[in-house]
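By letter and in written order, the chains are A, B, C, D, E and F; residue numbering begins at 1 in each of them.
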Amino acid sequence: MRMLLLNPNTTTAMTDRLLAAALPVASPGTKLVPLTATRGVAYISNRAEAQIAGAVAIEMLAEHHHEIDAAIIAAFGDPGLFGARELFDIPVIGMAEAAMHTACLLGRRFAIVTFAPALAIRSLDGSFRSASDVAEEKEALLLELAQRAIHDDRADVLVLAGAPLAGLAAKVRDRLSVPVVDQVQAAVKQAEAVLALRPRKATSGSFRRPAPKPTSGLGEALARRIEHRDD
Amino acid sequence: MRMLLLNPNTTTAMTDRLLAAALPVASPGTKLVPLTATRGVAYISNRAEAQIAGAVAIEMLAEHHHEIDAAIIAAFGDPGLFGARELFDIPVIGMAEAAMHTACLLGRRFAIVTFAPALAIRSLDGSFRSASDVAEEKEALLLELAQRAIHDDRADVLVLAGAPLAGLAAKVRDRLSVPVVDQVQAAVKQAEAVLALRPRKATSGSFRRPAPKPTSGLGEALARRIEHRDD
Amino acid sequence: MRMLLLNPNTTTAMTDRLLAAALPVASPGTKLVPLTATRGVAYISNRAEAQIAGAVAIEMLAEHHHEIDAAIIAAFGDPGLFGARELFDIPVIGMAEAAMHTACLLGRRFAIVTFAPALAIRSLDGSFRSASDVAEEKEALLLELAQRAIHDDRADVLVLAGAPLAGLAAKVRDRLSVPVVDQVQAAVKQAEAVLALRPRKATSGSFRRPAPKPTSGLGEALARRIEHRDD
Amino acid sequence: MRMLLLNPNTTTAMTDRLLAAALPVASPGTKLVPLTATRGVAYISNRAEAQIAGAVAIEMLAEHHHEIDAAIIAAFGDPGLFGARELFDIPVIGMAEAAMHTACLLGRRFAIVTFAPALAIRSLDGSFRSASDVAEEKEALLLELAQRAIHDDRADVLVLAGAPLAGLAAKVRDRLSVPVVDQVQAAVKQAEAVLALRPRKATSGSFRRPAPKPTSGLGEALARRIEHRDD
Amino acid sequence: MRMLLLNPNTTTAMTDRLLAAALPVASPGTKLVPLTATRGVAYISNRAEAQIAGAVAIEMLAEHHHEIDAAIIAAFGDPGLFGARELFDIPVIGMAEAAMHTACLLGRRFAIVTFAPALAIRSLDGSFRSASDVAEEKEALLLELAQRAIHDDRADVLVLAGAPLAGLAAKVRDRLSVPVVDQVQAAVKQAEAVLALRPRKATSGSFRRPAPKPTSGLGEALARRIEHRDD
Amino acid sequence: MRMLLLNPNTTTAMTDRLLAAALPVASPGTKLVPLTATRGVAYISNRAEAQIAGAVAIEMLAEHHHEIDAAIIAAFGDPGLFGARELFDIPVIGMAEAAMHTACLLGRRFAIVTFAPALAIRSLDGSFRSASDVAEEKEALLLELAQRAIHDDRADVLVLAGAPLAGLAAKVRDRLSVPVVDQVQAAVKQAEAVLALRPRKATSGSFRRPAPKPTSGLGEALARRIEHRDD
């Protein structure tokens, strides 16, 4: 079973970090296939970038969906998720939705803790040197933020959000008093859960594949998919 | 990894059906341990019975939680779930919550289809011969109900609910036009997902273990757990 | 008119306190019948205990419902309330729902103030010597908490919650600047209100009595009620 | 204890009907004092009329609040309720809020059935001869509507709404399969419930009496109340 | 196009202030017609006064609606708005709804900042000398409050609420870091927007003109309108 | 004042239709500047296409925002709206949000009627010959749908949604019994309303311009904007 780990950011170091965090929880039959965006921004942190990155994610899936069994969109805002779920036949899982649904199974209130103010409820304020190293650079501050989420917001569960924090949960779990969800680990397990049910592609409802439609100026793979020239 | 499949109904045939549906999706490392309630009703279908069965489920967990790594409460209303999650150190997953969270990853609107009016949105009306055979007895009617949920309620995903319908999803999936979630399969995969994250037992927040407290008249294992005599 | 004051905690002193608070508001025709659980925990303060106590409350009602005209479940979480309302023909009123509906008639925002963190919005943190004397022991702290609810949470009305605080409202009402609802007094008056309407037992809808069903291992009175052997 | 039954409609026959329905449930200590608006419309059935009638109700309360212990605003939309609760020191109860809170204690879903389309969820469509006799004129149609609310809307409880239907619940209760709430009976019992708690007038929060303020052109009693010349 | 600027407060200085703030944004074809209530309170700041003022606003519209093309109810709580929209054939716009809908087009979270505690989320506490000069008297404090709304409540947009603050937005816009909505300017532009669509008066739905009905004791123009004697 | 009418579909005939509908309501000072996407799909009707079109809209705005005072994103799903509002300094208004906020000022419940099932509450089912002529081709069916929305859904106001229906409101308004909102007319008037307030670009809050960030593979104008090379 081939599972695409699609990083819609253009930073390869972030893809490496996501893969390293994901590998320990993948089942024996799961082959993770990392892929980094070649177009877009270094790390997505606002609405405009999520809009652009979501379109890029759909383009990337148009190129690769025939080679894989499922895909993870590995950025916390799940850019392009619902469009991808509609357009392609394979299951597509977002890292944020996976983390939040998993958190719900571990308590009732969960808090999202992150490093970038635009993404979250509890976030750090200051600037940082490098998005791919922010987990190490800010570990102590993030832990402090997590403690405040537990005590002030009465969180039963924590989600550490944003691709740059992938893998941090395992490091800090013993220093926090509630369960911590690693977003990319949650996504891998949720994608496996969905695949185990062998769900069929909807042919009715709002997630059926759209009818063919003329396009112009789009990438060839995406145009073929939208125009139904890839059947 | 031992996963308790706790049926809070007293019908063994239903436990067998749940186990049969669950086995095909369990990972190699997952050992399913079936257990049937010895006290309660033949099948839970209303609030009073869920209240009673939830207390029975907690008693059963008090007797077995030391022998297992996770537990599934295998009745669709998830009787006793939050109490169990609070009182015990292992992850406890409900069949309804697992099915619904999984359904959310396959679309946006899901419909719950079942055979018992008190449980659900779309349900059959008439009586039936035997709860454990209702899936076969009413298969055609249930499919018709599912079609109505898809078209009239615009469901993107279906959940077939109630322990007696365990395993039905696999049989009917090719006759329905949207993905179908099997509740006990979803529960097994969600329990595996949660275990993969190696979550710690909360020591703060609303799911930490309650402080010790005197009891009277409760079963020995449950009394020991509540009074902290089992540490 | 006989009104059961059912304390699902096992502490008789708490039943005495509830009765003492309730008596001054009972109408001339209302005879309050106190009853203390003989099985369970000394005072309910979390989800697991509420699950167990709710089943105990239903057992107790199965034994006594033929002798009474209405029942109050006199613990703030209303354990077993909806199941009881479904299973029995008499009105059953929960102390929490009664207090909250009454509070709504006295303002728009109400705050719940209590002594146990797991129950409420504003609660004391520290431990206490005895649940049945906590109202006296912590009176000053509770008043301070109430003031914070009024000023910081902009409460128009206060509910003092938890059986151990029954009767406290009357003592402190002149020291607070908004109306205060005593939970057990509210429950007695709401039960009288409902009885005055002479409501029929539903024979359709989700609160009709469930159809007969086989049971095993349940108390005799409860088994008779569920199996319809008590008609 | 004197309880004002304030009919903000100008139809005396409706006040008589309300009083007749209310009397059987009033406690021995409750003296009902009927009062009919002398200014306004024959029966309130839309937003403009409710706005006007609410101001009239406040004027009427300004004239009578010193002579009574509590007041019921006896029109289903509760015109002027929150303003009255703020401006006067006595409890003021609306017929709609009382009916709905009471209905919540008898089930979970309630339906509102009435004769005037602008008021409600399920209402008759045609015209009628006289608002004060509509209950008799349309009894059969209203019963049919109630049945549809029970079966199609899955109502656990019914509220028969609108002053002209006061007293109808008692007549039809045996022909319906769920409990029926009479709005004015509910209001009397809820006013008694609130009075039993001896609630103090808020001196903080959003229902404290407003500070004095100059007025012009208002009725003398109302002007005195707003300007604090009545202390 | 004649647009009534109806001030339901009795303070002429406030009407002048509203008109002065509104004039700069009115389109060339818009003629603003100011009108001050001759009956009521100096400035509306609670529910009782809003109830009374809403009825006064409807009376005033009954006298003037034939001479105008649209009306603005120029008090922040929009007293009488829905009743007026129902009873008259011209568009009627409330200052609060206009400000809030406009704010939604400038961001996602808006904060309401005002000088009177009963009206708003963020408000000043102390007393003030004169409602019509409060904007100048309290400008510094209001700015400080606005800053707190931006930083603590994470507001994307500010609404300065209450007729006495009309015109303040223009003065302080350069000292605040998010867009500021002037309520009366928003109302003028929204009334123009609605008029541009040339909307027909509803003849069905809940805003159609109510059927004729007898009245007593109401002002002549209002009685004529309700009784349909003005056609 | 130059207002961009940005059609994110690639169909020029649709832009012409939008412009024709918009012109009659534009104020004298408003100069409408039509612009058609050169990349994307002929008409957007699902999530995947909206994701792509939103990114295209942002690219187009990056190229033109310096030449205009405000922009309308003229497709009913408002693709790219929030990203655009964040990234650029001019007001950006979506056709759907404008239509819905305007509808709120004309009643309380509005219904959205359209020709494409994926977009809306009430939509036609069958296929159609040409998106740009669907308004004429299906006029009778759309009117029938609108009538059902009024009567069955109790709509006070109708929004005719989807760029191909621009201008239809004016044609059918006299055949419908409630006000009808034309989406592009609403957008023009709302953009004028916002501009009249002369709102400043947020420099704090979630709509401030994002900090500069490296990009790769994006169009030159968009890259310059994101990297802050355009200041």
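Side notes on the structure shown:
By our rule, a contact is a pair of C-beta atoms (placed from the backbone, for glycine too) under 8 Å apart; a residue touches a chain by one contact, two chains touch by 3 or more.
The shown structure was predicted, so the numbers you read here are calculated from the model rather than taken from an experiment.
When the partners of chain D are compared with those of chain F, the chains appearing in both lists are E. Chain pair with the larger contact count among E-F and B-C is E-F, by C-beta pairs in contact. Chain B and chain F have Cα centroids separated by 46 Å. Rounded to whole angstrom, the centroid-to-centroid distance between chain C and chain F, based on C-alpha atoms, equals 54 Å. Mean C-alpha positions place chain A and chain D at a centre distance of 54 Å. The distance from the centre of chain A to the centre of chain B, each centre being the mean of the chain's C-alpha atoms, comes to 28 Å.
Shared interface positions of chain F, i.e. residues touching 2 or more other chains, are given as 82, 85, 206.
Beginning the circuit at chain A and passing next to chain B, one meets the chains round the ring in the sequence A, B, C, D, E, F.
Residues 10, 38-43, 45-52, 54-56, 58, 80, 82-87, 118, 206, 210, 213-218, 222, 226 of chain C touch chain B in their complex. Interface of chain A with chain B (complex): residues 25, 27-28, 82, 85, 91, 93, 97-98, 101-102, 104-109, 150-151, 154-156, 169-170, 173-174, 176-182, 185-186, 189-190, 192-194, 196-200, 202-208.
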